[in-house]
Amino acid sequence: MDDIPGKITGNDCVTGAYRRLTVGLTRPLGRVSPGQFVMVKVPDRDIFLRRPFSIYDSRGRALTIMYRVVGRGTDALSAAVRGTPLMVLGPLGRGFTPGKGNTPIVVAGGIGYAGVRMLLKRLGDRATLFFGVTGKDELRLADDLKDTRVLASTMDGSSGFAGDVVSLLGRYLDDYRGKRPEVFACGPSGMVKSLKALLEPGRIPCQVSVEERMACGMGLCFGCVVATRDEANPYKRVCKEGPVFSLWDLSL
Amino acid sequence: MGSLAVNLFGKKLKNPVMNASGTLGYGVEVEPLWAVETMGAYVTKGLSAAPHHGNPTPRVWEERCGMLNSIGLQNVGVHRFFSHYFPFFVERRCPVIVNFFGFSEEEYLSCARSIEPHDLVVALEMNLSCPNIKKGGIGFGKEASTVHAIVRSVREVTKIPLIAKLTPEVKNIVEIARAAYEGGADGLTLINTMPAAVVDVKERRVSLKGGFSGPLLKPVALRAVHECSQAVPIPIIGVGGTATFVDPFAMPKIIAELGSWLDASGLADISAIVGAAHG
Amino acid sequence: MGSLAVNLFGKKLKNPVMNASGTLGYGVEVEPLWAVETMGAYVTKGLSAAPHHGNPTPRVWEERCGMLNSIGLQNVGVHRFFSHYFPFFVERRCPVIVNFFGFSEEEYLSCARSIEPHDLVVALEMNLSCPNIKKGGIGFGKEASTVHAIVRSVREVTKIPLIAKLTPEVKNIVEIARAAYEGGADGLTLINTMPAAVVDVKERRVSLKGGFSGPLLKPVALRAVHECSQAVPIPIIGVGGTATFVDPFAMPKIIAELGSWLDASGLADISAIVGAAHG
Amino acid sequence: MDDIPGKITGNDCVTGAYRRLTVGLTRPLGRVSPGQFVMVKVPDRDIFLRRPFSIYDSRGRALTIMYRVVGRGTDALSAAVRGTPLMVLGPLGRGFTPGKGNTPIVVAGGIGYAGVRMLLKRLGDRATLFFGVTGKDELRLADDLKDTRVLASTMDGSSGFAGDVVSLLGRYLDDYRGKRPEVFACGPSGMVKSLKALLEPGRIPCQVSVEERMACGMGLCFGCVVATRDEANPYKRVCKEGPVFSLWDLSL
């Protein structure tokens, strides 16, 4: 973990409110495990706290994140031009830990793709991505995937399966019987809840990346907790003990 | 090179800079970035006799000039702090100030009682912003008489120096400072967060109610420090306005800058400026 | 086009936007820039029975997140306000809220007594942040019992609706709000400035002690409004965070934006959102 | 009076900490009387309040001010580059009102020159400027004066009279006997005090431009007052009733 000055080398629209930001850091981030994140100091003085973003890609001193403009911070970030200096703290948190010999199933909803993208790259052709989006334009987010089989669902039915991504996964789940399936998921809380309902009967191993509002991103403030089934100590820090948790440990 | 070292309750600290309670986790978390013993002392997050789970989320919210928090005093409990985290500070010879709280007088007492004197425990810092559940949730730190009483009770059960940490949500902080001093406090920490709320106009609801901290607090804290320091003869630790979450290196940077400032000012010893702004 | 008009104490105001007392001089000063009657009402700077000279300079200081002021309530006195400045508002049919103060109960009473009911005088706004010189300088607004008593006394000497303007420097603003309501206040203004200080490190002295206002106050005021509005059934005027000195057109801009917002939200009437963030 | 958006067209060092800022306004400032000032929104979000500066020159939509870097606001202003947008409120306050038939004597100390520069331009060759500075480099501030006789004093004796400007004026005062002298002054408070001592015996008419910390600049806050001899109402607003006052009305 390090706090590294960098400069924006690119900040482009992918589609709609989704953007890809590349940063040239003055030092490499170091070893990143898929699912880890960075805290970015948005280059705007009115944005006080840093914002967490999954590490989309990290090679040497080149860092990429993909983000969706949803509020003040991401809006300000979207206005930053090439050459703007900014600070990046990371890599942070605990990422995904795929079990050896398992068959990986990756489930992403919308911008949740940013959280599993490094994992998909590492898993290569071993993984299948179940990718749920609102409409077909959003499928462009995953255009950079080459080796991975992608099964898409759109809420508006404009491409692939019409409906939510968990229902789509439901149709394929039987195919994984006996193959030691292991699910890796990142997406909105509704998606995670349906996923839980789907996987509950078979208690299929599942790791999910969770989001919460953060202040520090490094375990200092206890601001970003998620409720778990650990009765003695239910609230775990998403930034420190997470963001990836076993679905079965969470209290949803 | 001037000296930043200060003496606090008979213990020598290498500098007068410490984190605000609750803003540096259990101390171990900054380890990857900088050594906790860089600070004069580490202040623990609020500890209680029994562990507390804290509040549901959202717990933090950004606001212009600072942030709001409503952590709800989540902590592992004082026993686990000493068994599990304290050895880390002992290993590094880092002095510790133990911030603690309770929701009743008994909780304060049992927590204070359970803390053994130790070479590295500089003081206990009583967080007086807690609601007293027995008294209908009115904060312990609000009335001079309550402050006097609870400080005196705690004073009796421990030999460790005792600091009272005051809330700004009082009608006259000088009066409260005097009550703490007369109750036996060896020092004061000024101030805790300011109660505030953020409203989401679009959703038409209160997003978060909690304590407001950050740059906005500094002038409020400075006034409290200035006035109380003229009313009581005990050391005061000023708190407010340090943005550790914005810049994780804020603490080591402050310490380095303080050193340079001391030299640039031609002072041999940081203690020379204590009380310099009085009068 | 939705309507911004609100009814306050039986008078119709064209919108709910007013300046904070003391931040718009005697009203005439903005004339070159915008028409004062653009606002729902103009709030006077604090007036007293006798004129006051105020404090020596420096009276204002810039701080991150806002500014400190220590004007010392300079004003021409209530009589001169009505003889000299009030006709300007009458000419423009601009409703006025008269902010007033005293350093003793008698001063409050004599000031309130001297103000005649008038079609355009919407209310009297009692500034309760003043020190009571008879009680050793402790603010009138600090104790529920004092607030109750002084509001009741003033209530008896005037027929004009009475607003109590509260200071945030209290231990529990809800308690104070209740006391004002029970004393007979028809409305509340929340909140006045936060006591604070700025220190000049180079000169090693306090540059200014005074009231802190500006963006930092908004979350503090929002919390006060939210909590008090659930405790008392009278109208509340929220104050805090408007930076009229930074942007002299802040007031007309706010009014215009409020109109656009109303239409964008599809609301017919601004009153529809009163209390929307409760619960 | 108007609040006018503009863009910086120049921001250059004159000498030492003194700089000249030119602004291209979107609307003209309008009629300016010498001694009036503007409130400038320093283009830096951390500078909350505007800062007052005398109008050094105003022609159509071109505004010039001259400033000395003394603190946070002027420091931030000095960092602003060409093209930076900023807001200018003005013209504000009451300027100098030279009496007809009088012989004008203008006294300026250091950056106080900025406060009398428009007046000097209007008075042309009728005025003499007594200009006090620290060292001879600072005399460059008045390099743009053509028609005016300049008598300089330097504290370090590097040019002109060695000493303070009021002592210099003292040596010339007798020359003005019978010529209905009228003094116009702008400078540090020490200078104003000595000036008063010098002019007291003859009660020579004297208008001085006064400085005070300001918040609004337009009479709203009563933050910028100066003490006068008006016993009923001693504190007058520098931004509204001033910045120019009769020396004999001030309570120094």
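Here the chain labels run A, B, C and D in written order, and each chain numbers its own residues starting at 1.
Quick note on the criterion: a residue touches a chain if its C-beta (ideal position, glycine included) is under 8 Å from a C-beta of that chain, and two chains touch if they have at least 3 such contacts.
As the structure is a computational prediction, the values presented were derived from the model and not from experiment.
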Taking each chain's mean CA coordinate, chain A and chain D are separated, in whole Å, by 60
Whole-Å distance, chain B centre to chain C centre, using C-alpha means?
34
In whole angstrom, what separates the CA-based centres of chain B and chain D?
48
Of all the residues in chain A, which ones touch at least 2 other chains?
46
Chain C: which residues touch two or more other chains?
63-66
Looking only at which chains touch which, which shape fits best: line, ring, star, complete or other?
ring
Check the chains against each other and report every pair that touches.
A-B, A-D, B-C, C-D
Across the complex, what residues on chain D touch chain A?
45-46
In the complex, go through chain C and note every residue touching chain D.
22-25, 29-30, 32-33, 45, 51, 53-54, 56-67, 69, 71, 74, 76, 214, 243-249
Residue numbers on chain A that touch chain B, as the complex places them
1-3, 41, 46-50, 72-73, 87, 89, 212-216, 218-227, 232-235, 240
For a test of understanding, state which residues of chain C touch chain B in their complex under the given definition.
63-66, 68, 138-139, 142-143, 169-172, 194-199, 204-206, 209, 212, 215-216, 218-220, 222-223, 226, 273, 276-277, 279
